[in-house]
């Protein structure tokens, strides 16, 4: 009734989208083939154990397997948002030690730094997981509508406008084209708000959760800066977008967001945009592929990173200010419990080759962790994203990872609750952030206790 | 005929005796001759064996976990023995939870208790309110549905299926239906309620509105549970009692009150008991509609602590036991309240 | 006011006709007993009156109203159910007071009535018991009390005394009769106890296979049954039936003759096959013949089984020499047997030769084919046809 | 109904004013509404008669109301399923576009039927285990007297106080523990990824409800029937299976249906006990959730899948309800 | 083999003692009937035999085995329940064949037996019906058939004929007797029908308030009741009781005297208060006094209610002048009344003066305090104490 393991297979968790490109129907290209081509032992085949796509459920699956010491899976695919906690719990294999040094070096050199950070041990800096693909947050807009409304958008792709310009342009375009919505984004009380959309907005306002980007991965002794004026202003701006001129808003920022964004996540915010009912939308790279095709908006789709309000120079902390793109993506970690460790490491090594990255990108549309490869990819295969290689480049340069420490999950919940409440007007931004700061401080304090 | 029976009778006699021996193998005999109490324990054995392995033993272990310290790092998830510290944290609002179990403080003004956070963001209150209101509505509606299904009319079997169907919907889908219904771009629920002046523009993000949505969703689905059990109770009532009552002059309402209700009471109580416990453990529905931070329930806290990513198993275990304690208190109330009505059940 | 009338009531179940075109009227204040073999439709007829069963055809009237489709509660009837049907969740008091509580009588009044009813049915100390703590007879008494406390226009009682012992039964019988007199209520009663039917009722309605056979005063049914069925059904032990042929000077049966003048009886002509009926108590030893006004000629017989009953003795007589004795109870069905009932002080042994006579004035003749009664009581040729006592009427068919 | 003390009650107004039947009767104070009827009473009676019709009308209104309210969300779900991918907007009474293809696509994207089969088998197995084991317990609790009955019954209830997550850690360990004796059966020696791993815990978790339902229903069967069966020659257990269970059919069917549905749609424990692969006994909900992408949700497929997934349950309900025959005890007892 | 013996069986419910220290033995093949007032413990005693009730004290033996704690299925008993207890989910055939199917008889055998049983109880065409489609009597017959098809050592029948009409009852009675003879089975029977008890049983066991009063042959119970209770209970209508004082030449009661020699009766001495009992059929009009061997002196009386029963007439007599008539049935309880039973051809009207005599040989005397019988049948001083017929024995107490 149960199934014994087949020899020489390495079981790796992944969602159906990855499974779909793993094997070819006939002789067509496949990731498995690419792995073999990249030097993986032909005896070793990779078997995908599909898991639910939802990140939270995947974490639970991973957690239950690792807590129970269960194999397979030999390789766990971990969200960049929650790789670090597993590393801290010694539930991953130290790749820096296990990999041949040349591979380690190659990864260190060519991979997007931001994503690598999410796969390192925060204390030792050792690599414990191999990024499979990063994901980046983009602002999608209807170039045609905005231009019709009289705003020049050329150059936005590499140099996004200020929030003020953007908001005015969106409002004009919306009113001009008589659309239902202006700008749609995600502001529901969920991980996506704290890790990404708010993180981006806050960053473009020169704010930060923990006083800059160098303190992201080491909980404990670090400043809490969520009650900073910049952060509060960022909220106020969003409040203006949502509610127009009312309490706790900022002058000069028109109402452009539907009030329902406070209960929206990716799908809900993309739908109106994709249906042509919104001017702009903040979303992940998959949205480019979905709306940039010729059948959809084609050339009319504009893609850029986030508008900004405070330039990097004006920002008080290191690494914030200016445009920003939230960092998502997935890493591969080898289970410490596997008896097929060597084989698993071989698989990972193969994944670290450019060929495989490209294959993954071309077949599945997943950005390669070495973003230089975006430009190298065959546009035929990768679709609309190729057209926006510049924007992708800017995004990779301005990528903001979430502070994914072992405490992040609980802090994230505190943050998105507070921000969502402030967005909704259920609490005043400053008060909400003050309370949040207090709660975060308490949370951080736990680490010091634990750490000692 | 008489003569013929004579023979039957003789042959029959021997067969009966044989028959008796045939049914009487040793195990059966042993069981038959056990005392009533011993026999009862024997019958309970399989159930309690299974429950001990799958339920009681794990709960015991979970309880032990709740007495230890959280360890968020390292292989070992649990630290030292800290006795009731986790419980104290939970009750004082100091647990590492996004929403607190309970967050009240004392004040000098009437009514002397102040909520630290709004009512609908306190897990305990949300859970109690939810259980109270949902079970109340579900009982009434479920009774109504069962009563309808108990009547004889054409197409009754289809109506029965229709009414029971919501219970067959997975919670995720139940959540999805109501999530989409109240998603302004997709469904009309949000607009409708807003135009009636009942809801805000983003009801799923507003604790109060979302609470109502979850209530509606739960009532939609779980009334069927009530209906099914009550219907079974109704079907078991001896119909001749209604004849007696009708001749005695009972109106339909009196028949209901004096015959149906008391006779269905045991089934009704079981239904209410389990609905209450289920309602007090509500989680999936919330998770798939408004989310646990908008409408935190006690189970939400348990799940978030257990699976939230920060490894705070001890807290999770403590919240689970606290939740069980709250449910136990409420159920204890039930049992006391309905001691007599429930007949010899309790 | 509370006359109950059935008009062509028929009740059919899928393949059974439980009640077949029954029309009858029970007058206000009358006590009518339904009797008939098991399954003949007594309970079903009652249920139609109570409104628990809708007749397939026909209509039911209570008082001046047609009530065929009226709800039971509006018909003003109280019923004792054959299956008792106590409310299992109520104690005796609550069961009995059920109807009163429905009508919101005040507590005092309820107490008073329940107490009185409990007294009648002798359940005084048991008001707190639950039905499952009662014996069969006690349950039945609760059911009776439940009907008694109410004061309806019509009482329907379906074998209310079936599970009671003889003494209690006599007591209950008296109580019911008194109640009937005092309340002036219309009572429809079902019983299989002949004594009950005889003593309590104003009239007896005999049903068979759903059809009404006769409705008349008890003694009329006993003495002048309209047909073979009624004759055989009323009276226990049952009437003796002997088939015979009408000849010029009377009736010729297999084992004996009875002399009478067939001319005097309308509907009987020489050569007809008729069934003669005579009750066990009208079969006498010829030694007692003197006491009879008009005995038949002696009949030779041999005693078979002797059944002493305490207050009488049943003697099974064999008429033909070659018949082997069969068991008691089946006697009436054979032309070679007669059942005789004698007083307990008569000394008779089994297998003894006896000479018996029949009381001619108590002999009934029935048409063998249709079963309809031809005459009740014969007179001998010569004697002047004196009307001796209870019988001697012409069947009015 | 009619209040004897209420002067406005027409039943108390004795139009005929006839004297009490007999001054000496014990029931001389006859207030029975039914005793005598004048025209006014008849009118009142007709008014009382009408309510029966009113009740009938009310009944139909209620039936239709319940039908509409329970079915509307399904109708709406169907509309969601019929709406083509990505056009999920403004659905009220019609789908936004029309594409029944979702009902085919659900099987193309993943082997949804395998998930359904898994759930069906597991649900059937668990229901069987629950009904048998809970029947024994229900019989003991419902019909036998023994010391500790109430405490034990309450102990069963205690399980349902706990959120399922409370069982997570110990059970996760237990079901991943290697037992050598299991190796021939399960391959790797753990219960993980086998139907046993699902049937056992699910049976245990849904056992309390079944025990309570069955206890209640078994307790209501009159002793007389069990007595008759035992005198006829059944054992105590025989009487349970031949008389008590058949007579409790509504309760047993209900317990069965509830358990089946609960297990069929169960996710939490199934998620613990399988790795979510259809070939490893993952249940239907794993299948439905498989239509969720990282950021995108294929609502139309989820809707279609859940509509398809509900069908076996609907069939089960139709089958089971044949067992829920009304008036089961009619004609049994004279008491 | 299947002797049933109860030894000091007591069954107590919380506050009721249903069976009180009953010891009795029913011999193999014997037919014993339990009679007694409703609630006296008949059913409970049966249930102890069947194993459905555990006696609080005492033991039960069937055959040679003690079965006190044995399961019912192993006792080899079949039972007809007072509450019938058909399995409502089985049709008639399945109900009847239940016990056989349990014992895995082959289908043919089952069919044969069920058919035969259905024939006995006259249910031939109804095997497919469900219990709720049957009439009350039909249900009861199914219950009887269910017991009949099996062939146990012991039959327990608790009022099996209560819901049947007289004819069917007589038929069933015969069938049961035949069965008893043929099967040689031990039968314990409960009935409230005196005729049934009298005709069917080898012995009658009279119970009252859980206590065994007398167990003896039917006529012994009738003619020589051990105490007042049995005397009053057996016989319907009940025996007349009149209290009186023993004087030198007999008994002095309020309204009449009975002469006899107290010296000849052990346990009776002049001055004692005793209760005299005489059955209605032993009260005669003085015109019939000749037929009696030993009549008492005439007693003046006035007829009150006259109850014609068909085969006999009950006459309620008032002895004292000033007594106003009460209703029938209550007569036996008053010293001023006597119930007389006369043959149906007697012509009597209500409120008529009559002179009655008692059959001295049928007069019973009981100790007024304890109720124990003192003597059955008196003899007059002068006459030589002839033992006339059925009575005249000294009470053996």
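All chains are identified by letter, namely A, B, C, D and E, in their written order; residue positions are counted from 1 within each chain.
The criterion applied here is as follows: a residue touches a chain if its C-beta (ideal position, glycine included) is under 8 Å from a C-beta of that chain, and two chains touch if they have at least 3 such contacts.
For each chain, UniProt lists the protein as follows: B, D = Carbohydrate ABC transporter permease; C, E = ABC-type D-xylose/L-arabinose transporter.
Not measured: the values here are computed from a predicted model.
Colleague: Identify the chains in contact with chain D as well as chain E, in label order.
Modeller: Touching chain D as well as chain E, we find B, C.
Colleague: Which two chains are joined by the greatest number of C-beta pairs in contact?
Modeller: B-D
Colleague: By CA centroids, point me to the most central chain in this structure.
Modeller: D
Colleague: From the centre of chain E, which other chain's Cα mean sits the farthest off?
Modeller: Of all the other chains, the one whose centre lies farthest from chain E is A.
Colleague: For chain C versus chain D, what separation do you get between their C-alpha means, in angstrom?
Modeller: 52
Colleague: Roughly how far is chain B from chain E, going centre to centre by Cα mean, in whole Å?
Modeller: Going by mean C-alpha positions, chain B sits 58 Å from chain E.
Colleague: Using mean C-alpha positions as chain centres, tell me how far chain A is from chain E in Å, no decimals.
Modeller: A distance of 96 Å separates the two centres.
Colleague: Could you please state the distance in Å, as a whole number, between where the Cα atoms of chain B are centred and where those of chain C are centred?
Modeller: 59
Colleague: Where in chain A do residues touch at least two different other chains?
Modeller: 60, 67, 271-272
Colleague: Multi-chain contacts only, two chains or more: what residues does chain D have there?
Modeller: Answer for chain D, listing residues that touch two or more other chains: 1, 33-34, 52, 88-89, 168-169, 222, 233, 235-236, 289, 327-330, 333-335.
Colleague: What are the residues of chain B that contact at least two other chains?
Modeller: If we look for residues of chain B contacting two or more partner chains, we find 19-20, 23, 32, 185-186, 238, 240, 249-251, 254, 307.
Colleague: Please list each pair of chains that are touching.
Modeller: Pairs of chains that touch one another: A-B, A-D, B-C, B-D, B-E, C-D, C-E, D-E.
Colleague: Spell out the residues on chain D that touch chain E in their complex, using ranges where they run on.
Modeller: Touch list, chain D to chain E: 222, 224-225, 227-236, 238, 242-243, 246-247, 249, 327-335.
Colleague: Can you tell me which positions in chain D touch chain A when the two form their complex?
Modeller: Per the stated touch rule, the residues are 86-89, 109-110, 168-169, 172-173, 175-176, 185-188, 190-196, 271-272, 275-277, 279-280, 286, 289-290, 292-297.
Colleague: What does chain A use to touch chain D in their complex?
Modeller: 1-5, 15-17, 49-55, 57, 60-61, 64-65, 67-70, 72-73, 265-267, 270-272, 274-275, 277, 283-284, 286, 290
Colleague: In the complex, go through chain B and note every residue touching chain E.
Modeller: Spelled out, the residues of chain B in touch with chain E are 1-2, 5-6, 8-9, 12-13, 15-17, 19-20, 22-24, 29, 32-33.
Colleague: In the complex of these two chains, what residues of chain E are touching chain C?
Modeller: For chain E paired with chain C, touching residues are 13, 16, 35-39, 42-44, 82-83, 133-138, 140-141, 158-159, 162-171, 173-174, 177-178, 192-195, 198-199, 218-219, 222, 232-238, 279-281, 307-312, 327-330, 341, 343-345, 347, 389-390.
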